[in-house]
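Dropping the structures in below, format is structure tokens.
Two complexes are shown next, each including chain A; its partner changes from chain B in the first to chain C in the second.
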Partner chain A sequence: MGRQLSFSIFRYNPNIPGDAPRMQEYKLEEYEGMTLFVALNDIREKLDPTLMFDFVCRAAICGSCAMMINGRPGLACKTMTGTLPSRINLMPLPVFKLIGDLSVDTGTWFRNLQVRTESWIHTNKKFDPEALEVRMENKTAEAIYEPERCIECGCCVASCITANIRDDFLGATGINRVGRFLIDPRDERTDAEYFEVVGSEEGAFGCVGLMACDDNCPIELPLQQQLAFVRRKMAQAGLKLDLKGMKIS
Partner chain B sequence: MSAKNAYICDVLVVGAGLAAERSAVEAAEAGLNVIILSLVPPRRSHSTAAQGGMQASLGNAALAKGDNPKIHFEDTVKGSDWGCDQEVAKMFCETVPIMIRQLDYWGVPWNRVTAGKKKLPSGIEVEDTKDKEGLITARDFGGVAKWRCCYTSDGTGHTVQFVVDTVVCKLGIPVHDRMEAIAIIHDGETCYGVVARCLRTGELNVYLAKSTVIATGGAGRIYAASTNAVINEGTGAAIALNTGLVPLGNMEAVQFHPTGMPPVFILMTEGARGDGGYLLDKNLHRFMPDYEPKKKELASRDVVSRRMIQHIRAGYGVQSKYAPQHLWLDIRHLGRQWVWTNLREIATIAGNFNGLDPAKDLVPVVPTQHYTMGGVRTNKWGYAYGLKGLFAIGEAACWDLHGFNRLGGNSLAETVTAGYIVGKQIVKYTLGATQDFNYKLVEDFVKQEEERIKNLISGKNGKEDVFEIRDAMQQTMMDHVHIFRTGPSLEQGVAKLQELYRRSLKIGLHSSGQGANPELAQALRMPGMLRTALCVAYGGLMRTESRGSHFREDYPKRDDANWLKRTLAYWKEGADLPTLDYEPVACPIMPPGDRGYGEATAGPKGK
Partner chain C sequence: MELAKTLQVTLNKKANPKTDLYVDLAQSLSGVFLVGFLWMHMLFVATIIVSPELFNSLSEGLDKYYLAQVGIPATILLIICHIFLAGRRAPMRLRDMRIAWRMTKMMGHADTWIWAGQVITALLVGIFASMHLWTVLTQWPLRAATSAARVASVGPADPSWGGFTFPFMIVFYVIFLLVGEYHAGFGLYRILVKWGWFERHKMGYVLKGITVIIVALGFIALYTFTKIAGGGA
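Up next is the complex of A and B:
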């Protein structure tokens, strides 16, 4: 016999008139290798078919299933119930708009982030289908891949004190994303142009340094390093700008 | 209740994976007004889970020298067991190197050639030459003559999808995520768009377009064990089938990947074997060379999967807490540095889900449903059969690049290449089309969907449980429509699925169905999933030969005299079985011959 697990799950569907936020209790018997993916589907299929949550890849690579698991943000799909006490408290991620129960709208938030930070390669070169690719050192490609690995789950945003109190903060994920383009030789933006994007308190200078983002990143991105890197670059860029944003050096 | 919102656009792309987004980019760059609908935000699409890479004959790596589109074409045709459309394969192989370079231009951090001598795990020494340094490199993969699989570590799908999505963001293409197309609007000749249910609010919306593109991926979740994401339920192909006019091609062609990791059946990339990994049995014996002396672990996926099951049946399977029967993947000899740099994603997965470190531990593997070769049948320009203004691309389509077995690395390559090639055709068609629809017709489709929803909520047709039916369907596919198939077992499978199909029409919800109710979402999909499953099972029953991944123990040989043809499955109104039709598969460039691996070449027992 496995343990009896007691789940306490946040319930509220803003699309159902009269519905009110509450915690609901469910009990399941644990078995070997049980993850929160399995447990939540069991609850939906056997106990309560209205329960809303999001899973896609169930392999910890798509970032869909982040939630607050006993008070910490994490990916539900890779969380083994065996690593948790028998009372499991599940809440939706803060900061993001609630869709219902454990489901939040990370898609809209991240799309806005991409657009605000113009997270695409800026280049004046035209693609020439006849030409060979531009050469790059393999270690540069590997260095770009490191921050590119971000799965946009939102755990860093949910962990972040600044993101929790100001809507316009880019979060560690946004700063990491900008850092990815900063080191990409294909991107022709100048430091001054990057400064426009992240050289403010909504960007690299909004971070208050608690580093919960780094602690809670489920794919262990070096967010602390990325923040330091982008800040240093932006501080340097800032020193080269006068107050009107004109280049003086 | 009626349609909450109506949207009108030039091109409606259903799905937001790589094929979808790449075609949307093509249409938007031509100045067309495009809307993308998706179950999930684009960067959560199953394309991002592709690991190993993308086949393109760049010829930069040491063991890629001399590669060209012609060799890629030959590998693809052999892989397909002469089931593919050779004109499509030729066009694809010639285009994909340009696609790789365009992705590079857009920002994909492809791994590069580093010059120098290297000793491979096989003991062979190779040298990457200085003249190729810094160009895009490639790794070995199954069923190929050259190293051709371009990659970024083992997160290739992730980087390619993220980069194509940056282009979608840059172009400002609207994505309506959490929006599920549940019916195609048509008048028997032309497709006018879809009725979609919002997965945030439960409301129905109408999308009207000159061109509608089905790019919703595969249907792996008709099986209980699949490497696919949970959203891969074949929804787009199912709504096309449901028109009664659009056929699904070759649905019996289902790929089982040799290395799914039990008990969660998450993919361990073919790159693990491409980079030199072995398969071991319970005696830790490397058995693949016994069966496939030439290609060993790197025969095509259908062959390796069958050899693994054959070996398990011979009593060499491992019994462990991971699965009742499985084998081992061994990449320990590649070294910690290589594993945690180039196979980092699977190393992380093995750690997350089984507490294993592949740099020092064996990883349990078992052949697992992986890819749907079949799909909405289209012509070589991506036009769906049966309805004007309807296109299909990627895994949702039967274009037909893969025939009866897809080569590893050809699917990710297909997504962007088909997105580009078919995207141009969509532009051409759309520019010549006018938007002319009868609003009564549109309303009738909305009403029909409202009626379905109302009946599911009220339980008017019955009180069958949707999850029970889904589980029974998935188990039936495992028991009767798996790697090794026989006539009697397929017959039983078809009968069980027919019974489940009839029950699926009597589903009633246990919950209220209010808002974006997940039980209702599943209930709406269930009859379509069963129709899809029946196309697979019945198509398999009627195909009395073995070709690629479709292996009949009672008909173990490929039969080119009778079966060099493609299955077309239609679903007629009121039927409980698909109607099958066939069309010839032409082999204008490469006549049927020897694959160079597999039972026909190496013999039933190998050696």
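Up next is the complex of A and C:
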């Protein structure tokens, strides 16, 4: 006989006229190995088929099931109910557009981020599908791989007061993303081009340093180091910037 | 490739694309200088623990070489700059305050709470520093005896208040010491976190250690001043 879990879950469907935001209570018996993802599915199957929440992979890879778990952002699939008290409070992520209940639209936000940071390799080299891939130092590849692990769950953005207040702020995930391209030798962007992307209050210089991103990242990316790295690079670039610029790092 | 931008964004960029960088650097630098000033100030004050003579000779020296005459206005200017530079980070609109407060309470995240404390202590430091500057500068020159008398002074001791007395100044200085060192210690922590030269948890312990030492020195200095005042020095 497991613990009796009581869930308090945010309910609101903006598409239903007159629907009011409220917290709804559900009771569920806990069993061995239960994750929040499993619990939410149980609730939806047995108690309330109208409950909305997102999930795809169940394995902390897709980043869909991020939500505020007892006030802190985290992945439902990665959170064992056993690590939580028996009262569990669930809210949707802030910042992102609320679709309904626990479901938010992170896609539009990240699409905008992709466009603003121009998250692709900028190169003038003509791609030759026959040629061997250009070799990269193992150290460089590993350094790129680390920030690249970001699953775009949005936990860093949700827990960032600056991102909550200012919708033009790129957030840790955005700055981390730029940091990844900064060290990629294949990207031919100049100082000036990178500076234009993140050398501003909307990017690297907007971070206040509250480090909720660093403490709440479900896959434990070294976000403090990444944010500081991009800030230092952009400061260096900005201080010696002439418009021609040259490749940093 | 450019995304559509408004006229204001375009003109800001055109005026100087590096403004945000300069302002961010200036904010960090103003903070570092003020923390440096405060810690040095507290070490100077703590010379009273060694002897009133050392305290006096240091104070006389600062006057003699015009360090006080230049340093005090410069520090006031720096404080004013810092209010504008760092103040722009604080949530000022009601909407922002509500969001910041809600998120802080909801997450219970230590660093975010500490930041909320930084905003609140900033306000207190601003008020307390103004009062402190006024009381000190109107009693210039600064000597052990005048400082001791100020620290130990009670008020209002007026018959119309029924002779009621309260040691306002010592209470003032205890609060000022605590909020000032909190703001300085965590402010420096925040700056170093943002520029990322050190691992933040270790750095946090070091800064907390320094802050505790300086607060302790401050308390001992205050105690010494009250002893001097009590001894009729």
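Everything below uses one rule, namely that the second predicted complex is superposed on the first by the 241 of 249 C-alpha atoms of A that agree within 3 Å, B and C clash if a C-alpha of one lies under 4 Å from a C-alpha of the other, contacts with A are read in each partner's own complex, and residues count from 1 in each chain.
Convention: a contact is a pair of C-beta atoms (placed from the backbone, for glycine too) under 8 Å apart; a residue touches a chain by one contact, two chains touch by 3 or more.
Model, not experiment: these values are computed from the prediction.
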So, does A:N216 touch the first partner chain B, the second partner chain C, both, or neither?
second
Between chain B (first) and chain C (second), which does A:F195 come into contact with in this model arrangement: first, second, both, or neither?
second
Residues of chain A touched: more by chain B or chain C?
B
Touching A:P94, do we find chain B (first), chain C (second), both, or neither?
second
Touch test for A:V157: chain B only (first), chain C only (second), both, or neither?
neither
With the two complexes superposed on chain A, say which partner A:G71 touches: chain B (first), chain C (second), both, or neither.
second
Going by the contact rule set out at the top, does A:L28 touch chain B (first), chain C (second), both, or neither?
neither
Check whether A:E148 is in contact with chain B, with chain C, with both or with neither, and answer first, second, both or neither.
first
Using the touch definition from the top, say if A:N15 reaches chain B (first), chain C (second), both or neither.
first
Figure out whether A:V178 sits in contact with chain B (first) or chain C (second), or with both, or with neither.
neither
Residues of chain A that lie at the interface with chain B and also at the interface with chain C
115, 118
Across the complex, what residues on chain C touch chain A?
1, 3, 17-18, 20-21, 23-25, 89, 91, 96, 99-100, 103-104, 106-109, 111-112, 115, 190-191, 193-197, 200
Can you check the complex and tell me which residues of chain B touch chain A?
40-41, 43-46, 48-49, 98, 100-102, 104-107, 109-114, 133-137, 152-153, 155, 158-159, 162, 165-167, 169-170, 172, 175, 177-178, 200-202, 229-231, 263-264, 266-267, 321, 341, 345, 348-349, 352-353, 467, 509-512, 514-519
Residues of chain A that touch chain B when the two form their complex:
13, 15-16, 32-33, 35, 44-45, 48-52, 54-64, 78, 99-100, 105-108, 110-111, 114-115, 118-121, 123, 125, 127, 129, 131-138, 140-142, 144-145, 148-149, 151-152, 184, 186-187, 219
Which of the residues in chain A end up touching chain C in this complex?
68, 71-72, 91, 94, 115-116, 118, 159, 161, 164-165, 195-196, 199-201, 205-212, 214-216, 224-225, 227-229, 231-232, 234-235, 238-239, 241
